[in-house]
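So, here's a batch of structures to check.
You will see chain A twice below: alongside chain B first, and alongside chain C after that.
After this line comes the complex of A and B, so read on.
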């Protein structure tokens, strides 16, 4: 299973907004994932305090909500830094030097406002190495390009 | 007549600057006061040429690529600064293909239903509405179509099971999780011809008596998700989806769902759990999803490309589709070429061409210019093959006979700098990261495997540790509920079998 994200400074939590988001989607079949996505999108992460609210709205136990929240890599448990580079570490990108690129990026970004994360294939395997930088897909990347894109 | 100029809005094309190129084209049209219209299709799948710009001309579409935004003005003059490709359809890479599923991708405006119909869209659904559900199922069986998600199970047989199952509510679920590394055909299709998927799912609904469909799209594909959302909305407005599909009195609608970053959710039962709002843990089979699937109702789960092949079967007949291919692999396969390759892209061909044709003729060798050393076919659970196996025909059985699999059709090329011991290590690491946690060998054994290969890489007791890896692979193969644990041994063992020298290389260097 994937390791949880790094712990970072807390972001403002709004219980009413969480409830509103959950209420708005609860009519969907299997509403929990869409609700967690909505919270994650809105706040940049899913605060622990959102769990009992979502559980209440969906009539689930906290343990159930917590179990789902922690299973999926997408749901952040803590706020993300300003910029996120989700670098593809899968085979087609490995074949084009993604491992070395990752090592260089880690070094260049340590302690800074850019978080480098691993992701496994972005469907851009003919234009490797690929990454999602702040949610946008890029291909044919090298260190200089990633740093330029992540810092702008 | 207004001239049409095409710049793809495919995520891969955008990833190398297609948006800036499109903006430059729009500026040029305005500045020159041209009677021209900018169209944003999907990609042709000639990725080494992206961003590719095409101009409508008297003899067809002529192209330039790759184009940089700053070169765009020159394309409107006599001295284009980007490589001129002539008629795009005449490029050997494209001309030699048999584009059936991808016939419209890169050509039409993906969100124009009118464009879709002009290019043959909806013929299959109209035909399906004229005949009995059992006839639809019979045609799909006769076409020989096998699931394109990886396992290659006959699509029509699955549909027959769901059609026969009792249940007031049944579901159609499209697996658009496309987690296999080296694959992108589902993404391209959803972005470049989304109505084709909608049409295929609607036909499935008619065939088995399901009124509701879900498309489960991986969250790594935000662009495809948005495109599909636009297409579903347009389809509803045009009454292609909804309570009265094309005025037939039959109902079918589609809801989109976003995955949340878990490779295992591509496995169909895990995907269903995820759709139900749960942890994506694999279910034991039986019951088959066809009998008890989503919310325990009879459910068709198919890959994007499986659904997308069906409109052709309905419109052109089962024989048309079946006549492509070889042996028990019928129809065409969208092969996705990537990694360290000069000309990476989508190659849709009848089954039967060789891996060598794919890598050498289409691919043109490696991007780095070094010799090809290994090719992995079929995603992260696929085998690593050396040159000696490149003459194998692209066919389910031919690949299986040599210990490989074609899977979802991904072909990843590596040059001679690759270290297969490291690739084997990665296969086990990936299994550990993505394991759903249900089986001990998959959850724990994979991590032991990584540690053992690390020892081999350090040159510690190599012979004994290689034996240990082999034993672990056996345990994984025999003690796993699903193919994540069950097939991880394939990349590992193929690396050991075909590239044994890599497992002693570091030890030799250290000595």
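After this line comes the complex of A and C, so read on.
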């Protein structure tokens, strides 16, 4: 099924495709999350216009779908830039200077094609500071390394 | 202000008898299995601090204020989510708990505006109460940190405001919307610090899925969701327990007032019909009671061409009485009559029919139930022996299958619909039989197993086809039928429905419902366990309305679905007091308790009690009155609280009949459509202005209590009494309770009813007598009221109203959530934001054939009349069927409907009219003429001093 953290280039909204994805998964127990993942993966984000369609397919209200959608940071509400760096901000990485790294990255990436996001623990504490860069895990990072990895 | 008798136990009651004994703060208490520690504490008289818990909702455990300590256990569990166990020793107040609670409160208050003195909830705020209860003295975190203050309010709903800056995220509103109302319109947007309550997809309340039932406002512990009236006026200072005057659910409400001004109406938790819930009408749409259109002075005029002249009560009553006597002298005793109202109280209705029978000396009394549920009375009486539904509303919580026929509960009976939806979410199955795809067919968390989308006018064909399946597939409950029903009638019914012409395959051509779907639905109904039928005017308002009622009774008897909770045949009554108006002897052929006027001993009893000779011949029904008026033999009419010139079918015919009368007396809150033809106007009193009782759809008699004095000086019963006295037939009652005492003396089913009992019990369901001193929630347990249940042959006979080349479409009518019947009340409230005009629903296929686009104005034409209204293109209706509501006099949907009626009761066939629809850009002639006529007819002459 879906590859964790993988972010595709954004595709234009397609109501029929959203409905098709939702119909295909609606028989699952607790189908809402798999459907939102499928849409997120397919389009790179979950467009607001997808919410009423998913609600209709699952016979839920817009409010219920919206509540779940906005609860999880992994579901994007808008197309992401080309590259996403999900930098760990949890304790072990903090101890290894992740906060400073974050500040430097923010500065370096502002307005560019690389989006820096926070994540709390990737289970890679022995190799802090760690980050997921475009879905792939890396450790012992510094600014230069991150930028190099993100731009390739 | 805490609602009347309000004591929030924190979590809902658990069923069963007390079985768990434990100790709370050293006090022993015994509670049913599954009861929370919080509720157990409340039962022991101990209040545990709480914010997210309330006893109308399941425990949530989020506020962390209700922590307790349990001897021998580690930690401090939340008392709302911890069930009581035998032998527990619970402490609710320790130093440790006090510290924890104070710490929690500090966090809440660090992100809450400190404007208690100017806050609308001041005096009615649980957050404020809890800050006091835990002894909050300072907030160590200060107020300078990140916070949620200063967020924009959502004022989109006309009745309540949403102020997110005061929100503590207890989720009570979200849970109330889900559990209590079943709409699921609210959610939490985001997570953590960014969490906030959102309607829909973070929309405003008005454009979200919210139906404005008020459950969230009721549940909110702070000023976040609060009535705009409270914001404007402040907290109420007194309370009056009363009953809503809208639909037949009959919700118990607390009128909360400042002096003689109503601040708000809140649903009463102990109300047995509504169980603490409400809808947009009862909760919010009562402003009509003080609307500027209210007429509060009696008025008379010599001719309907004249302007009205305000006069004293004495002059108006005297004039009416002398006119009625003059007419009777000139045209005969039977030339006058009266129409009672299902909007008025039992006592008022009783007095009007008594006036007609005793003072007019004839039986020309009828009620608006004639045009809604008269077939229910006739059909159920024939089958079971009682003219009423068989169950209480609570019964639905034990149903395994719900069959909804010709009813739209989520619009017309919303509070009951919420209970029904709750049961459906618990797993009960649903079958809907309706020409239109009503919301219940598929709405969030509800999906019908079958939607039998029949053509209007083919109910009997459908029910016969279902009966055929049950009879021929060995689905009959033979033991029940053998023990409880008349054998010979049953055998002939079985033979009748088993005929091939009644099979689903044969009926498919008539009903349009696929035979396989009918077979599956019939099997489901017969085998689901407890199967309950709920029906509305889509059953009764047909030329075979009575036949269909009998058909449903047959189905229930054949499958043994009677005489216990969870089953039955249940009419959803349109108006607050339809049941009561029928019980009170409003029909021309029956005294109270459905006893025929030709019954000698009964009549003798009434003659003795009333001291006057009574007519043994039934009088005129409403349509007969109109016909007789046009013949010239019926000249005077007293109409209490009903707008026949808008609500009865074929308005042009009704108008002509009214115009032919010499004295029409209208008693109403407003100058309604009928008043345009009246000579005497008696100002009515709203339900807030009088004492009395209403009887709801489950036979529940509930008190209406006077909250303010009548604006016109007299309650309706007082005006009727004065009219009777002026007619020379003396009536003297000091209070409506004395009228009820008289009713109880004369009516076996009401023998035990008194205001004392109602005050004590809250409400009671008739029969209430020596055999059932506390009333009867479920009828026909162990045996039918008539002895043995009676099967009736229900041959399908098509209505004479047929489509053809000139009128190829079928019109059916109904109502919507925010408006009520002819709209006299609901149109005069902010409910118009949801429905400002009637629209015609038409299928895309039919619209395209006629070149009609969504929103176009269209002419709706039948053989009796035409009107113009906007079209809404939707596949809710099937091809060949159009639908509209009848809430607005400007539309006049009943200009279109015809005079065809039920064979047994003359209930009009509102639900089937052959029509044509075409695009137009002008009003119909009737609309143009009528609007000018109405304007002229409502003129009031300046007061002559």
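Annotations for the structure displayed:
FYI, the second predicted complex is superposed on the first by the 141 of 152 C-alpha atoms of A that agree within 3 Å, B and C clash if a C-alpha of one lies under 4 Å from a C-alpha of the other, contacts with A are read in each partner's own complex, and residues count from 1 in each chain.
The definition used in the following text is that a residue touches a chain if its C-beta (ideal position, glycine included) is under 8 Å from a C-beta of that chain, and two chains touch if they have at least 3 such contacts.
The model shown is predicted, which means the values in this text are computed figures rather than measured ones.
Shared-chain residue A:121: touches chain B; no touch with chain C. Contact with chain B, but none with chain C, is seen for A:95 once the two complexes are overlaid on the shared chain. In the superposed pair of complexes, A:55 makes contact with chain C only, with no contact to chain B. In the superposition on chain A, contact of A:137 is made with chain B only, not with chain C. Using the contact criterion defined above for the overlaid structures, shared-chain residue A:63 touches chain C, although it does not reach chain B. By the touch criterion defined above, A:105 reaches neither chain B nor chain C.
Contact comparison for chain A: of chain B and chain C, B touches the greater number of residues. By the touch criterion defined above, A:37 lies against chain B but remains apart from chain C after alignment on the C-alpha atoms of chain A. Legend: residue contacts after superposition of the two complexes on their common chain; A:46 is shown touching neither chain B nor chain C. Residues 64, 67, 71-73 of chain A touch chain B in one complex and chain C in the other. Residues of chain A that touch chain C in their complex: 48, 51-52, 55, 59-67, 70-73. Looking at the complex, you find that chain A touches chain B at residues 1-2, 28-34, 36-37, 58, 64, 67-68, 71-75, 90-96, 119-128, 130, 132, 135, 137-140.
On the side of chain B, the complex with chain A involves touching residues 11-12, 14-16, 47-48, 50, 178-184, 186-187, 219-224, 255, 257-263, 274-281, 295, 336-341, 344-345, 367, 376, 380, 410, 412-415, 418, 423, 426, 430, 433-435, 437, 443. The touching residues of chain C, when paired with chain A in their complex, are 183-191, 198-202, 208-209, 442-447.
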